[in-house]
Every structure is written in structure tokens, then in C-alpha cells.
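I'd like to ask you about the structure that follows.
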């Protein structure tokens, strides 16, 4: 990563976190409609993977991939208004939280059913290659999501078709309240990839540079016609499944252990100590972040709700 | 007085206690007590064997329940949201629903979970899937609207020899309360919620409450029947009502096209044509996904005003 | 004159030739030409990239088609039997069907395959799944009954910006022939198959042929309308007919409960009540799986005699 | 295997093959309703696995597991009448070919959707253990069937629950016309089992004794509470997918190669050469087979079709 990219990564990491902190405020003020899902402690994965993409690549972020939206050019206001169900949100209030996308930006909106994005992104990669386009489709899956039928069918199809596709598995130890040990009999998600002869590697998901480098390798592999790639990012979900979940079931020591590995702290430290950035340079980014959050939070607050006419509520199911 | 959610838990507890063949399976239903806390405390009482957490795999969950039913258990599968049943569709419809007809072996199992809109759950946490499982053979569909019914009908559903889809409207979970008995309520009996002389409103689920509120505005004109079970259907009860009032309005939260109202309308037109003094009217949700934003969702839901207006028009017909 | 099966192949060939965004995917559709040989020869003409074999994974097939549609292709997915779509249910219903409404991006794709009974296919190779996909938002459903329509409607379906379920009755594949044109036929237009004055029989698919045969027995009394598309529905055409004949019979091979007839009946009762001179009658299959043995299947299918008898009764009403 | 068991295995192998030869005759005479699916060349798998079961175990045979039905006590007439859609068939004409079962005999009727039996047999094993019963559930899957979501979800659940369940994968090189190389990017199905940490082994599917021995090991593993077991039987489908498929897509040399490995020829030879059975002993079994086939073929031919009343066609969907 170039110096500029490192600074950019720092910016996105902080923006991701600050955005969610602002969302938390909104949540406490009852301004968030529905649940609030955090990516606290996992930000390096979304930011690192999305930064590794080329502009022509496509990504399908899930609920904890706020960072991928940001890297892809969405603003905090897009997330704020989505979470607040405002008329100014990307879906104009029709769908919630990270359920938005835009094919112009190569961002695919997820559905809630876990695993479903995998076959779809196989199709994105495959369909692009058929048209001679140099494009990789990247998406994410949680440890829990790897138990779904779509995970298997999607990866198998990808491997047979050698589809240019990268799957980033965020192994954050829990699926809602279910620890990985009750979700599967293996300990490393990469073992899943053996069923498809898909090359796979384990990466420290809390190390942004490692995530970035591994994703570059993965994309390079997929781009070169050798088929899909599987990346397991070891990490930890530092909050409940959503904010309404106090996550009592998570051992305190586990959280303690992972708090020490906070991806932003670690990255900042390396920037300062290894890469010779100054505190001022980082503070400058912090200020950019704070300013944008403030501006966009205000925008979101000022934004109206959809009026709620029947036509707004019903129309647009079909093109015609 | 306990909430509908507590009534469901009580039914599960009483079945677990009374019949050691009853087992629960679902995601996060053990220690965690389930996403809505319906099963809270049950694993402590009955153990991990009988209140079993599963991986995220709806098809395997339903398949495993079918197998367990074959060896004599009475499994109750929780869907975290009923929307996710879409991922176990094939097992329920093609395996469970058709086996008795095909080779004489039925599957006594219940699939239950929260359905319905009104809590800003958006497209994938708000669906009303009853038509989907009524338009294929072999699945019973139960949809209680009160705590009492939830308790009694769930107990019957668990003991029923056939696959039962038990729909729990999440809006009602903690919003309604009732005095819950100790007895099962047989499947297939509708409830007359309010007597009226001029118009029968046939409804079920959360809509039953709206219908009763609206009916009040019309004195003794509007009758409200709560189906409680969509399959088996209490045709006798609703036919009797229509024969008496000569006008009928079908009201539900599911989509209009091929919603339960379509089937009821068709049966009524076919069998009670000579009794009808007006068109058979449907008030239901539009044929679109459920929108997220509260205003949109409110506009989307077939609410009290829409129902009242339809009643007025039909009464005046 | 070519068979319906050949007409479908011709439509696929013409679309593949005329639009390089069109791609086919399915099990054994390449060299083998598909279980019914619908795609025979196409891989030789258009190559393995555009006529792509897949592993046995219906959910991934539909998911991949959705993704490919997003990047601008127009995928046509073959189900070896339409029954197996049950295994890809979630992708079609929750992903493809809801995306345009949710975030403004539609999926131009077709899922096609053989459906219907009458060839001793038993429960898993004979289903009529139209209700399943009509009772959820976002999926168009096309069901041709002639070779001409199969050709023209399939071409329109492939070019349609929305997901289309294209149902091909396997009994008709090689049993009917037609003079096939070169033009697409727009979706959403019903066909008046036979003019009649006293009773409208509304039907589609293989049942359309039975209806026409039966109608002949009744001179100029029985009108037959073939819907061709169930979604979008040509309400104007059928309403016009009912207004003229004042009696209506809904006839299809799918199950009676929540079959297309239920929806049509409900719309007619609601909107044309004053035009009706008799009950709205449905003749449809029973609510059971499709039995295997020819005698049983024959008894199960709503055949000509049953239809004729229902026409007689309704005409005499 | 004891001498008696060996002779019994011989009997079932021959019965399986003779049964299908008789079915083929019926098929040529247009007496079979619908397609005819053969297990030619794969008989050792069905017979060997089913013979390894204890009486209390359950089995869910698929379309090519005629041998499992026979071992389990069904007669050729049951298959004949099923294929001929007769009223005397186990389903009384309601369902086709191998779509029958009887829980009294521990036989579960399959549905057509591939993979679906796996979760169900996980439930059979799990549900039995919950009741303190010593019972294993065994079922089969083709190479093609391993691509389904249910395969993945079922095996994952089995491994997490340590369900007493055995999956026998019949790797017969083709799924309809699709060779394994277009079905998956791996060459051995056992690689699929790694995704679940399920012990797996490859066995020569055309060697009855090897199949039997491996199944015994598998069942012993499952029975002892250590969870599911995966057995890959290498074999070859020696006919088309069904008789109406001329299987032009199968290279002639491949068939040639496998014809030389015919499981019945090999087994007979070993019985004579290694185990000291006499030709007379085998001929005696052949006669038993011929007699039973003749008797049951006659029974099937004489059997009436269902009358076809509406009530027969419609009733029995629900218990009440």
C-alpha cells in the first residue's frame, strides 16, 4: 500500500467507526428504526477488502460491511438515512440498514437470507467474464452463514465455472448467540473450501494491511482466470448481534483478549511507528471524519420521512 | 393475564412436560431463548437434547424434524423469522406435505415462528406466507390472534399427526394478553368474535383485532369471524354467517392476489351465490414487498380506515 | 408445422442469435440437449459459454442468473422439471422478485421448464406451480398452450426486464404443432379461442385444449378464453367476456385451493357482481399430490367430462 | 462375513440384477409406466451396505438402490408392481419406482429432489438417539447429488449433532449426462467430507466385501456416538441415466474398463476361488432367484391397476 492508501485506509477505518458511533447515538435517541448492527472490531475487513478492489469490480456488502459502502463512495448520510428510514435514503425508505446498492457503483444490495449473495456474485463474475469484462465479484459471509445450502451450491458452481469471485468469510466467533463450535465441527472456515478445491487462506482480520494484501492476492487469482478464492478473516464481534442483544453469552475474557487487538488501534500504531506518519497527519484525518459525520448526521436528521402515499408504498414492483 | 408470547412458551412447556416425544429445534433457542425469547428458560428445564440449537440451515432443520417425526418424536421447529422458511421450502412442501399421501407415513411436526408486518421489519422480516403453504397439499396452517388461542391451538398443533405451520404475528407477541387455560383447542374451528346482522367480516391473525375495532363503529351490523385455522377451514361457520348476513368482506394482512381472501371469495361465490346481496369484497395488502419506513408500511398495511370505508360501501350496496 | 417443443427451441435460438446478451444455463442442456431435448443443437451453434451446463444446484443456478442479469445478461434458466424450482425457491422469490421494488434494480431473467401432469410423472415430475409464484410479488408467469404462443411469448419473456417464470406443459411438448412466426408476442394479452354467448370458460395451458373440445359440444354457447399470461393478467379481455355472457367457469389443472381460479373468481365477484347470472364455478384438480398410476392420474385430472358436466349445470342455472 | 452371509450376498446380488433384467423385459413390452432406472454394475453397493445394517437401523434407498429394498425384506414383486403402477404395489399405484417405504421395516421412501434424504436421515439418527435407541440412519447420494444445498446442510448438522448417520456416496462418474468433472472441481467425493470434519473413506464400490466391511466400520463409528461417517464408493453407471437414455456421451472405453470389473462376476469368482464355494452352491442360489423372479413377475402381471376412483386419487393427504 502506498502512503496515500495507508492514510486513506486510516480515514475509512475511522469513518466506519465514527459512523457507527453516531448511529449509536441516534439509536439511543430512538431515531434508528429497527435494530442497529455494528461492525465494531471488524472494520479492517470491510475497509481492507473493499480498498483492494479495482473500480470495475463489484461488491455485495452484508450488514457488517459498512466500510465497504464507504470505500465504494457512499457517504455516511446514506447509512444514516437508511437506518433512520428517511425519504432521502438510497432506497427512499423502502428497505433498511445496509439493504441498498447501485449497479453503477458495482454495489449489490443484500437480502437477509444468509448465503444468498454467494451464487449471485458468482453470476456477477461469470456474467462479466462472458462479456469480456475484467471484473471480479466479491462478497462476504459470516461463520454462521457458511452452514447454508447457498454457500455450498454457490462455491461449487464458482469452482466448476472458474468464476472470478472472491468470498471473504468473517470468522467473528459467533452467529447471533451461537459459537462456531455449535455451528460446525471444524475450527477453520478454510476447511470448507477444500470441498471445492478453492484456494483458501487464513488472514488476521484485525490487521488491515494483511487483509488488504490477501485480498489483492485473491483478486489477482480470480482475475487471472483461475477461479474463485476464499479468504477467512479471523476476528471477533465486539458487540451483540445487534444493539438490543447484550451478548451475555460471550465470555468476558474473550472480549478482553480481542479488545487488545483492536484493528484501528493496531493500524494507527503501525502508521506512527513503522510508517513514519505523524500524529498531526492522523488528526487531520480524524477531523475530516468528524466534519463529515457531523454534516451528514445533520443532513439525516433534517431529512423528511417518506410521505407514505399508497403509490409510494406499492409501486415499482415491475418495470411496467 | 399473560402475553401471547408467554402463552406460546407455556404451550411449549406444557407439551414438553406432558409428552417426552416433544422436542424443539431452532437457531439460538437454547441458552439464548430465541430471537424473540419465546423459548426462554426451556433449555434449563428440559435440557439441550430436547431444546436443541441448530446451525443456520433451515432446510436441514426441517428435514431433520421430518426424520425425527418418522421415528416417533414430535418436533417443533422455530424459524427465527418465518421469512427464512423460504430456505426450507422444499423439505416442508415436497417431503413433509406429500409423504402421507404417497406412502402412508405422516410427519407430526410443527414449524412455527414470527410473521407479519407493522414493526418496520421490511421485506425479509415481515412476510405473511400463508398462501404459499395453503396452495400446496399437505400442510395445515394455524394462525391465532389471541393468547388463549395461541396456547390452545399450539398444543393441538404439536399433537396433530400432520405437518402444521403455526404462524405467530410478531406485532401481537407482547401487545395482547389473555387468561390462558390448560386445554388444547381443536384445530379447524373458527371463532365468532362479534355478532352482526348485515355484513360478515372474515379475518384472522392481527387483522382480527382491527376488524373488531372497526366493527364496533357499526353497532350490530358487522359480524366478525376469526378463522384461527386456515387449513383445516371451518367452512360451516363462515357459510352460516354469510347465509345470515348476505354480505361478506374478506380481510387480511397478506397480499391480495391469491391471498386467503381469494379462496374464501371463490368458495362463497360458488356455494352461496343465491345468498349474496352484494359483491364479495376483499381488503388486503398490495402485491408488493413490505416497505420499511413506518409511513410507507402504514400506507401499505390494510388498516382500520380502509376496512371501515369498505364496510360502509358494502353496507350501503 | 413444428411442435411446441421445437417452437421453444426456435425462440431460444432466435434470441441467442439476435441478442448476444442472452445465455442459457441448466443441467445437461449443452451436449446432451436437456432432458427433453429442448436445447438440442444450441451448444454447437452458440458455444459452451452461452449454453452452460450447471451442477445440480437449483438455488445457485437462479442466484447466478440474477447476478448475470445485474451485469447486463439475459439469462434463461432451465429447470429439468419445474418441480425442482422448489430447491431454488428463495432466490427466485426473495432475491429476484423483490429487488426492483427494494432498490430499483430489476433482474431480466427467465426460469423455464416442463410442468404439468398427464404423463405418469407422479408427485415430483407433474406439478403445476403457478400459484406458488403468483402469490408473491415480483414474478411474471407465462403459460402458453400453442406452439405459436410458446415461440412468441418466450421471446418476449427473455426480453422482459423482470423475472419471468415460463411454464411449458410437458404433455403438449410433442403433441401439438403450429405454424410459428418470427415475432415476439407481447405479454399480458389473453386469446379468445372460441366465441360463445352464454358462458365464459377461462383457462390456460393444456386445459385450454380440453376446454375448446368441450366447448364444441355446446354450439355457440360456450366461450373459451386462454389467458396465456397469468401475470400480467389481461383483465380487460376476460371482464369484457363475462359482461357479455354473464356466466363464468374457471378451469385449470392446478389444485383448486388458491389456484388461479380462486383469484379470478374473487376479482369477478368483486368487480362484476351485477353482471353475474350464476355462481362463479371452478373446475380444477383436487388438493392432493399428483398420483402416478394412469387410472388414478386420470381420475385426479379435471378432465373433459367433468368440465362438460359443469358447463351443462351452469348453462342450465 | 460368514459363509452364510457370503451366499446370501450372492443371492441378493443376483436377485437385484435379475429383477432389473425382468424389469427391462417389462419395459420393452411397454408394461413399465414411466422411465426405468438401472443399478447395473452398482449392485454391490446397495447389497453390501444394506447387509451391513442391523435390523434396528434405518435406510433410505434412492432410485438405484433396489438391492437395499431386497435385503430389507421387500420382494421383487414390490418393485415390479411399483414400476408397473399396479394396485398391489406398496403405494397402491400412488407413487412410482423406488418411491416407497415402511417405517416398520426401517425403510424411508425418497423424494425426487436430490440431497433431501440426507437431513431426513440425520433426523432419523438424532431422533432415535434422543429416545435411547441404538439405531443408525443410512442413506445414499450420487456424485451429482453432492452439489445440492441439502447435502451440505445435512452433513453439517449431522457433524455438529454427532448424529448416528452414514452417507454412502455412489461415485458412478455421471449425473445424467454430466461427468463429475463438470459437476465439481474435486475428483474424490471424500474431499467434501472435510468441510464437516466427518471421517471418510474411499472404497471400491464394485467389491462387495470391501463395501460391506467399510459399512460395518462406518456403522460402528456412528453407533458408538462419534457422529456421522462418509463412504465414497467408486463405481460406474453401466447404462444410461434411465433406459430411454442411450448414454452416447459415455466413452466406450470407460464402459469397457468397468465391464471387466463387474461386481457380480468378481464376487462369484472370489466365492469359488478364495472361499471354496462350489458352482452347485451358486447355481442353487441362481435357481432360487429365477424362481422368485418368475413367481413375482407373474404376480405383477396378474395384478390389477388401481380402479381410479376419485376418492382413491384424492384422499389420504391428511390423517383426518
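Each chain carries a letter (A, B, C and D) given by its place in the written order, and its residues are counted from 1.
We take it that contacts are C-beta pairs under 8 Å (C-beta built on N, C-alpha and C of every residue); 3 or more make two chains touch, one makes a residue touch a chain.
This one's a predicted model, so the numbers in the text were calculated from it and none came from an experiment.
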Subunit B to subunit C, fewest steps along touching chains: 1
Mean-CA-position distance for subunit C and subunit A (Å): 40
Centre-to-centre distance between subunit B and subunit A (centres being mean Cα positions), rounded to whole Å: 36
Subunit A and subunit D: spacing of chain centres that average the CA atoms, whole Å: 45
Per-residue overlap in subunit C, given as positions that touch at least 2 other chains: 55, 57, 59, 83, 86-87, 90, 94, 98, 101-102, 123-124, 137-138, 287-289
Of all residues in subunit A, the ones touching two or more other chains: 91, 94-95, 99, 111, 113, 147-150, 152-153, 156-157, 160, 182-184, 316-317
Overall pattern in which the protein chains touch one another (line/ring/star/complete/other): complete
Touching residues on subunit C, where the partner in the complex is subunit B: 83, 86-87, 89-90, 93-94, 98, 101-102, 123-124, 131-132, 134-138, 255, 257-263, 265-266, 268-271, 273, 276, 278-282, 287-289
Residue ranges of subunit B in contact with subunit D within the complex: 21, 23, 49-50, 52, 54-55, 57, 59-73, 75, 90-91, 94-95, 98-106, 137-138, 140, 160-162, 232
Touch list for subunit D against partner subunit C, complex: 33-34, 85-87, 91, 93-96, 99, 111-115, 144-145, 147-150, 175-178, 182-184, 249, 305-310, 312-317
Of all residues in subunit B, those that touch subunit A in their complex: 27-28, 31-32, 35, 53, 55-57, 59, 80-81, 83-84, 86-87, 120-125, 286-289, 291-300
Subunit B-touching residues of subunit D, taken from the complex the two chains share: 58, 90-91, 94-95, 99-103, 108-109, 111, 113, 116, 118-128, 130-131, 133, 135, 137, 149-150, 152-154, 156-157, 160-161, 316-320
